[in-house]
Structure formats: structure tokens, C-alpha cells
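Notes to accompany the following structure.
Chain naming follows the written order as A, B, C and D, and within any one chain the residues start at number 1.
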């Protein structure tokens, strides 16, 4: 038998063992269900740690190997745990935010506009700083066709001595500026106690990278009644990001957009390393809209257009970009905000068609090429 | 003039040029310091790579030579870099939590015990799971001389379907168990809305790694009236950790302990990479007590003792360690919690004296060695 | 004066100080040049460490501050060091591989084809495994218009017990297959002792990620007479990559292409994190062609097309992609090599036009949009 | 049947199902082991995420329930994961350099001294720069009892314009200085073509971090006849490090010492992040001596003593430390080399006893403590 043949045959054996395991596991939960019914009649709790311990002890004693005790114990703990959760009604375990086979992209309204359809731009200053600043920005962006206006009111800043945002007043200004221009407003929320107020004022609530695993905030956003924009933590895995979204979804809110904004690595040329693969993978793993915040990823202005083009090429349904009428006097992130002419140049750069490979020619046409 | 005389004269010119250069460099850092002050008011970062690039570009354009462009660029980059480092260092030294020259370690009471003096052990289960579990653990630990009891009541878990802690009931059990054994109680707080309640119940409030930059929580803890244990975020820099502590300090609470608990890297043998240098550096940079959570760093049981020894050798004033009466049935972090016999073995391993280098012999004694 | 005004004024002072510093530095090297001439007459070496030490000691003694001694010492060491290097003829210090202002992209011949013009595809199996395998692959790829054939002969494998490549025989097969199809051949070289032989056989020599800082190999490639494809080390900075290229360039070979292939991070969904910003930045920093190896970045097949599209969108002048007639039996990297139908699907996916933002509309047209 | 009787019967069914599951799981890992063997012949990785995905997909399709898809998927992922870990663990245990059960530490002669017994210090300048420098250093170190003298002759420098070492002359000087003081000499080798010459001159050949996966060099060192000091690559996993050592071992040389020297992370306070867990884990995973290069890890002088203490506390059998008569004028790594008085202070700091926990009191004694 060829090497490959041997592999295929062995995999067949694995498949068969898997089927038998699955059958037994299904029988097992059925019995566990009956036990639970009996226990209920006896007024006993489903979960009995002592019984679990004893059961695993017995299995370990009669285990012939080669599976080592630690793995046997771990696997049966998992079997027991999932059984208990299942019986306790935790059937929500398949993540709500995961893409089921064939499921289409989720599209939802954010204020007056749709998110999740064609790619959009979410733009505005890092912080709302003044009435003039935010209205000027909103009008400019709207004149360019942008429909989503972002601006921070409570800023999450590394140092307590840095500008912390205008707070409530920023919120009001942002909402008014967006409203005037017919844009959807997006702002960050940083405290469970602010959720209701922020949800009343703006169209979409953002969770910043530093709060991606602020689970109480996520739960609160499950009931806020407005869409949520969830940014990836600065060293969060995609699995952690999806589970963070699941906190919101399992608490009642399915209108969530995810945002890749660069991850922390050793490279210092950029503030964060924009993870293009994350965009491509999230598009497969979930039906939620996926955005790319190129400003925070780069932390500099000169590569925003190529990064945005790359994000769109990888499937992003939106790009976040910081724009400020006078970045040099911005009170936060001055180094990465574009001014208006730079924004126009950015749009122009985005329009350039994607370079085509010399290679991507299909068979008959290609024949000609070979002769070159 | 003799040849040697010519050389001496030329060297005199070099010395004079050196003096002038030094004068200008001193003036330059003074101006940079003022720029730094302005930038801070504007919320801008000290280091601006694009401004540097432009500045160097201008110098190169007007450089008459003979210094070649590469050397000009290199020297001015060095001048800029050292300036930034100097100014950032100065910033750091002005933080309330930063160690001022000659300042002694901060020591404070946590419940009935002191923190910051000799090294202590902060131990207990990952989660409070039942009355029996936490009382049994407290009594055991106290019998070994441990004075700080930890246990989670609201757990920050990756998935919403994992055990989330007993909440308020966990808090009550923990406090009662600690009280019975005369221990100080430590528990994590995850929501600004819980701060008052948790502060009333336990002796020390912990901020978990995921909430290190939950700034609203930090501010709230500034007024909670109890000491705070602040864990380093999973990819936080030391600068960010100190600034997070500064949020608490600048809001009124100076009783803060810092905790290194491993950082996220590519290495998969451990859940996180324990950063021993962070312990050594934090001991220099701040007067706050520095702890080391070896359980969360390792994510496995077999290297807890060497890690704890290393942490103490590097200057840690405390070690955090998860202990559970039956780790196999723990509802969280089962793989890294020690059972009671393993805890005793851990204590024994800690006691072993530090291996000594063949080398550490001082001069006269060393003379004998040379002859070996 | 406004805040911004103050900043501008202070920056003016910095510019003035910079000019004076530059003037003094130019005078200083002029004097140093004279000293060197004197020393030469006296038969003394240019570099005199004792004199340097004494000079710095004197500066430290008379330093009024605020510059701290460490920075003074460092800066004058740099001034001295660069002076010595300059006088010793090391004027090559401006990196040869760095893009000078206005300099066009470098384009060069690799075998019969050009690199650096329009984007190209460099494709083939991870390892040359048999005559049939490599000829089949070459013919297939050429039928699709691909002009660069890659295949490993000496493989750098993590374990000594993994397939190490066919060595010399692989080299011959690769060259023959490429020649038959009129393609340029590319293969990795892993030992200084192989350079001459490999350079004689193939059109382009690849330096793998693990050897990016194998400086002796780089130097040897400086004299090999064939273009070099230099892959970024798995945790190399861009600065380190450019300096590695400079080793080749400064040893006589300017025909170098750089290749981003993903960097090592904590994220496990992909084997490496493809660093799109690196592509964009390298295109600015150097005139050398920049390629993107999406196969090694992803380590999986399902996101190769979006990653390749992203790389091209960010400016890459080529994409490297592993293709194998039967990936399931490949002797290395089986998980990431495409079979032929998958390769055709990949090409098709590349052809799709870049999604366009709802926003990228220029002013007059945009006016209409506002009214929507 | 009584209620309790029903419960007992149902539990009997669970026990029976458990036994069958265990039997199947044991069969399954046996088949997986065979697959592993086949894959190794084909050069494929054990873990194949896409195959896993497909396998789970098939199970879900044919799952009759009542187990919900999420639990089925989770349990089979756990089964797969533990299988992979078990098989990879088994692999590791078969490496020649892996510690077999009960195997004692390897101890071997390096020149006149033993390595692998009590902890030693390997010290000397970064680069050999002059006869005076290296002899002075050797005599000083020997007067302090140090037995291993290190010094670079061919330096691996980031830039081709940095000092590249004295080459052959450095080798001769190092060997002579070590010989005069009765020390063992250690120097880095950077090219396969240098191996024989370096092996003849010095007592131990070092492989630098950048060459850890220069496999041709490792193979060559397998036959060099002298012990090898292998440094961990700057982002190498422990598995990769052990496999690199295995290249040397499998080519005939078992006298290998491993050296942790810090890994590249995002943290900027240190040049690299010293990975203390690596020291502890390597001591378990292999019998080879494990050293800690604290100078390269820290990249600064002020935490060398705490890091060295931590390394020893974690089990390191040696510490590498850079020492230079005049670090200010060193031609490489000036910022991290200690001068002689600083070296004496370092030795003094190492001697301080390890701080002891308030906690580490054994039962009866502890009783007294409880009463405090």
C-alpha cells in the first residue's frame, strides 16, 4: 500500500472510532438526563462534584492505557461538565455570533444607514473637542459621502494626566453634528453606568480595545437597544474576540460589528501590527460586519491608504479612519489623524484599481503567454 | 611647530568644539522639555517619528558637508532618541507612584496584616465555589502561616457560558472564611457599580489583567477606602501599568500593590511568559509592593516553585498562588490550582537555599581558587 | 500666543539649535581629518580609545546639565565613532538599499524575466520531491502565465528527523523544469559552502527567514552574481531586514528582492501574522522589489486569496504561493500547499475588483449623495 | 425499584458507557499514533486544523442528537487536542536531548572545567578588542574564581558597518588569555567554514541566537569534537530550541549546553524579555546544562543581579555576563557590559540569601503562627 493509502486507511479507522464515540456520548447524555429527572424528584442538585471525582478515580484505576491518566481525567471532566451545562439548559453553547453553514452576512441599521452591506467609512476625530471641530468635520465628511461619524467623548487614555474627553458634552455635540448631516453617530462607552445615557444619545456604541474583556460592560450592552461596535483587544485572539461578542449577543443584542485595529507586537515602525488575516478569518467565522481601524493600527499617516486598500481587499466591510480639521492641535492621537486635504488624497488613493498579477490569466489565453 | 605640537593644537580645537556642542545639546534638551510641556497640554505624544523625519530631511538639505548625509541623519536620530528617553524618564519620575530618589518601600495594612514588608503569600482558590471549599482552604492555608486569602466572586471568563462566579454570595463566604482564620481577604472587582459593596466586604480589591485599563474602574477605586491589588494587563508595558496605578493614586488611594502575572507571547509551553525583569524593574521604578502571580503566569503546576523562587530572588514582595481542596473538580482554572499536599511540597521547594555560583568569591579568598 | 503658536515657536528654536549643531559637527570632522593626517605622518592609528575616554571624562566634568552624564557620554561616543568610521572610508553608511529621494523602483532581470515591474507570482512546491512533481508543476504554472518557479532543495526544517530536501538533485531538477517552461528558477541556499554551486544552477537564490541574519551567508551572496530573494526573519524588524539586505548590497550585489512572510505573534489561527504594514512601509523605505509569501504567513489554505489581494493592494510587487500536484502527500508544508484546481480558484479570486467604499466620491458628485 | 435504586441503576449505565468510551479513546490514540508515524515519513505536521474541521463537520452532519452540535464539536476538539499534545509529548520524549525518566543531569568537561554541576559563571567582553583588553579581563575574572572566559571574534552585527570583530586574531588572543589563567574559552562560530579552525582554538563553540536555526552550522558542529553552547533564538519556542540541539546531537555531539537569553516581545524596558519559565522547563525537559545570559536579555546594567539570582533560583546551571575593562569605549554592546567594580558589586548581590516567605512554615511550627 502506498504511504498515502496507509494514511487514508488509518483516517478511516479514526472516523469509525469517532462515530462510535459519538454514539456513546449521545447515549450517555440520555442517561444523564434520566438521572437528572430522578434527582429532581429526590430534590438533589444536578452537579455532584464528589460523584464526579469518584467516577474519574474509578476510570483511572481501570484504564489500560496508552492514554495517560491526566488526559483521561481531563476528557471525562469535559464530558461531565458539558453534560451538566447541557442539562442546565446551556444549549446556547454554539456561539450565536458564529456563522452557521450557508448563513448570509448580517446587515443592520445604524441610525439612518445600513452596516454590513457594501463597505463603508466610519470617520471623524479621535476626540470631540469643540462644537466647531465636530460640526466642521461632520459637514466635510458628509460632503464626501461618508455616512458614519465617530468621535470620542470619554477617552481611555494611558495616563490620568492626558486629555480625558469632554464627557457628556462631547456626546451631545457628536449627536447634534451627526444629526445635522444625516450621519450615524458612533462613540465609545467606558463604564456600565454610562450605557443607558450613551445609548439614548448616539446610534452605535463602541467598546474600545482596552475594554474588550470588560465583561460587565459587554453584558450591559446586551440590553442597550443600539448596535455595538466591538474592537479587538490589543493582544486578543480571534476566539476571545468572538466570545466577547457572544457576551453581548447572549445578553440580547445581535447587532454587533467587529473591528480589527492592529495587535501589539515587537515591531516599532507601526503602533500596532494590522492583522489582515484576522479580517479574512473573521469574515469566515462570523456573519457580523467586520471593520478595520487603520488609524489605530498604523499610528502614523503615511500608510493609511495602502492599509485601507488591503483591508478591503481582504474582505472588510468598513474602514475606520481618524480625521481632524487641524490634527497638529488635536488633543489626542495628533500623529495619526488626517486633515481634510489628506483625507481627500486618501480617498483618491483608495480608488486606484488593484494591481493585477502577470499570472492571472485563464488557460486558453495563457497559452499565448507561454510563447512569449 | 612640531608634529606633536600640531596634534596638540588640533586636539585643543576638538575640545573647544566639544564644549560648544555640549552647550548646544544642553540648550536643546531645555527647549525639548518646554515642547514636551506644551504637547502634554495638547495631549500629544513626545515622540513624533514623522516630525523627526522631516527635521532630519531639512538638515540634510542644508548640510554643507563634509559630514555625509548618513552620519548627519544618524547623529540627529541619536540626539532625538536620547532626548525623548530623557524626557519620558523625567515624566515617569513625576508620577505619584514612582519611586523618588531615596524613597523607602511603601508598607500598608491589608486587613490585619502588613503588605510590603517581608514577602508574603496570597493564596486561595481561583473561584469561591462553596462554603465548605473556601472555609477548608482558609483553615488549611492559615495552618501553614498564610495571611492573605484570595478567591474570586465575579469571575472574568473568556466565554459567557463558563462559570461566572457566585457573585455576592461568594463575597460573603470569602469574607467570613478569612475572618474566621484571621486572614486578610482579597477579591476581584469587575464593575464600577460593585466597588462600594466589595470594598465593604473584603480587605483588598483586585483589578484583573483584563481590566488593567478599565480606567473608570480605576478611578472609582481611588475612592474606595481599601487597598487595591492591580494586575498587569496581558500585554501591558510597565509604563502602562504604572500609569494605571497612577489613575488610582491620583484619585485618592495610595495603597496599591502591583502584580506581574505573565505577558502574552508566542511561546506555548506556558499560558503566559512570566516577566522576571518586570519584577526587578518595578522594584526600582516604584515604592509600591510588587507581587508575582505564578499560577496565572505558568498555567501549569510543575514549575510553580521555581517561578516563585525566581520572583522572590528578583525582589518580589509576595507570591500569588492558586490552591483548591480538589483541583480536579474546580469550576475554573483546574489545570493550575494546587491541592493541599502539592501546596506543602511547594512550600518545601521554596525553602531550599539559592544555589551559589562557583565564582562568587571576593578577592583574597579568590586567590586560593586561582591555584586550583 | 495660542498653544499651537507656542509649539511652533519652540520648534523654530530646535531647528536653529540643530543648524548650529550641524555646523559644529561639520567643523569637528574637518579638524578630525587634519588630526588624522598628522597621525598618519606620526604613524599613529586613527582610533585611540584612551584619548576618547579621557575626552569624554573631561566633558562629563564640565557638563552643567540638564543633560545627564550617560546621555552626554553616549552622544559623544557616537560622534567619535562615526567620525572614525567616516575617516576610515566607511562612507557607505547611508544604506545602499534605502530609497533616496525621488529614486525609482529597482527593476532587474531574474533569468529570462523582470522583477520589480508589475506584480508577479513566484510559485511552486515547498520542496522539490521528484522529477515528475516538479516538471508537472512547472508546466501547469507556466500554462497559467506564471514566470517564476520556486522549489526547495535543501530544506530548513525544525527537526533533524523531518525531510531535509533532495539537495543537489533537487537543484538540477528545479533548474531543468524551469528551463523547459521558460521560467526563472528560485531556490533557497542554506550554507556559505553551497553558494557558488547554487548560483550556477538557478536564476535567483533565496535566503530563508531562519537565515536572515546569517551574515556570513549574506556576505557570500554579495559576490554570487545572481539576484537574491531575502525573506524577513520571523521576528525581525524592518530595520533589521534592510540591514540584512545591506550586507548583500555592500558586498557587491544590488539585485535583491525582499519578502514579507508573516511574523511570529501570540495568535494561533495563522502560523504567522502577515504584516501588511511591512509591505507598505518597505515600498517607501527601499527601491528593492517587495514580495509577499502568503503561504508561509497563513499556514493554511483558506485565506490565501484575501491575503494575496491585500498584499497587492498594499503595494507588493509579487506574491509567493506554494503549489503542489498532490498536497496531501507533500513531504513538507502539506497543510498550506494548493493543488492545481485550488490554484485556479485562487487566480480567479485575485481577479475580482477591489470593493469600493460608499464614501470615495469626490466633491461635486458627493453633493448628490448628501441628499440621499 | 426505589427512587434511590433507580438512580443507582442509571449510574451503573453511566459507568458502563464510561468504560466503553475509555476503551474507544484508547484505541483512537493508538490509531492516531500510527497516523503520526505515517505523517512523519511524509514530513507532515501532527496537527492539521483543516482536517480537524472537516472531521468535526462530518460528525455534526451525522449526529442524531440529543447532544447539541456545539458540545459534539467541543468534545471532539478536546479529544483531538489532547491526542496531539500526547503525541507531540511522545515525540519530544524520544529526542536524544530529552530527559528520559530518572535520567541524571549531563555533566561534561569544557577545557579544564566541568559544566553541568554546580552553577558557573561564563564571563568576558562582548568582543575581543585587543590583547590588553582580553588578558586584563581574563586575569581579573580568574582572580574572582570565574572559570569560563567568553569573547567574540566574529561578531553577528545588525549592520554591516558596525564593528565585525577581530576574526582569527580575536580567536588567538582569547585562547591565549584563557590558557594563561587556566580558564575554559568560549567563542561564537558563525560560518560552517570556520568550525574546524574555531574548534581547534577554543574549548567551547557558541551558536548565537541569530544562528539557532542555521541547520548546516548545527550539523557541522555535530562533528567538531568540542562542546557547544547553543543560544535560544530571539523568538524560538522551547520545542524549536530542543530540536536545534537535536541537530547537533544527532550528528554526533552530545556535549551541548542551552542558553536562555531573552525573547523578543513588545516590552521596551528591556532589550529582550528574560523567560524564567524557559529555564525551569528546560531543566525538566532535558538533561543538558541550562545557562542564562542576563546581559543580552536585559540590555541594561541595573537589573543584572536580580535576573541572575532569579535564573539560579529557577534552576540555571550557569549565568553568562558581559564584563569589559572600560565598557564606555567598548566597540559593541557598550550599554550592557559591566566594568570590574560593577562586576564585584554584582557578585556581592548574588550572595544575598533568598528572601523567605512569611508562609513557609511546616505544620507544627505553623500552629504557633496562627495565634499571632
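Keep in mind that, in the parts below, a residue touches a chain if its C-beta (ideal position, glycine included) is under 8 Å from a C-beta of that chain, and two chains touch if they have at least 3 such contacts.
Keep in mind it's a predicted model, so treat the numbers as computed, not measured.
Trainee: Report the chain whose mean Cα position is at the greatest distance from that of chain A.
Mentor: Using the mean of the C-alpha atoms as each chain's centre, the farthest one from chain A is D.
Trainee: Any chance you could check whether A-C or A-B wins on number of contacting C-beta pairs?
Mentor: A-C
Trainee: Give, as an integer number of Å, the spacing between the C-alpha centres of chain B and chain A.
Mentor: 29
Trainee: Report the inter-centroid distance (CA atoms only) between chain A and chain D in whole Å.
Mentor: 36
Trainee: Take the average of all CA coordinates in chain A, do the same for chain C, and state the distance between these two points in whole angstrom.
Mentor: Once rounded, the distance between the two centres reads 32 Å.
Trainee: Would you please write down the residue numbers of chain B that are in contact with two or more other chains?
Mentor: Where chain B meets two or more other chains at a single residue, that happens at 42, 235, 239, 264-266, 268.
Trainee: Residues of chain D touching chain B in their complex?
Mentor: 118-121, 123, 142-147, 181-182, 235, 237-239, 263, 265-270, 273-281, 283-284, 297-298, 302-303, 306-307, 309-315, 319, 344, 347-348, 350-351, 353-363, 366-367, 369-370, 372
Trainee: List the residues on chain D that touch chain C in their complex, please.
Mentor: It comes out as residues 40, 42-45, 48-50, 154, 156-161, 190-193, 210-211, 213-216, 219, 234-235, 239-240, 243, 246-247, 250-251, 264, 326, 328-329, 334-335.
Trainee: How about chain A: which of its residues touch chain D in the complex?
Mentor: Within the complex, chain A touches chain D at residues 3-4, 6-7, 10-11, 13-15, 17-22, 24-35, 38-39, 41-42, 51, 55, 58-59, 62-68, 71-72, 74-76, 78-79, 82, 85-86, 91, 93-95, 264-266, 268.
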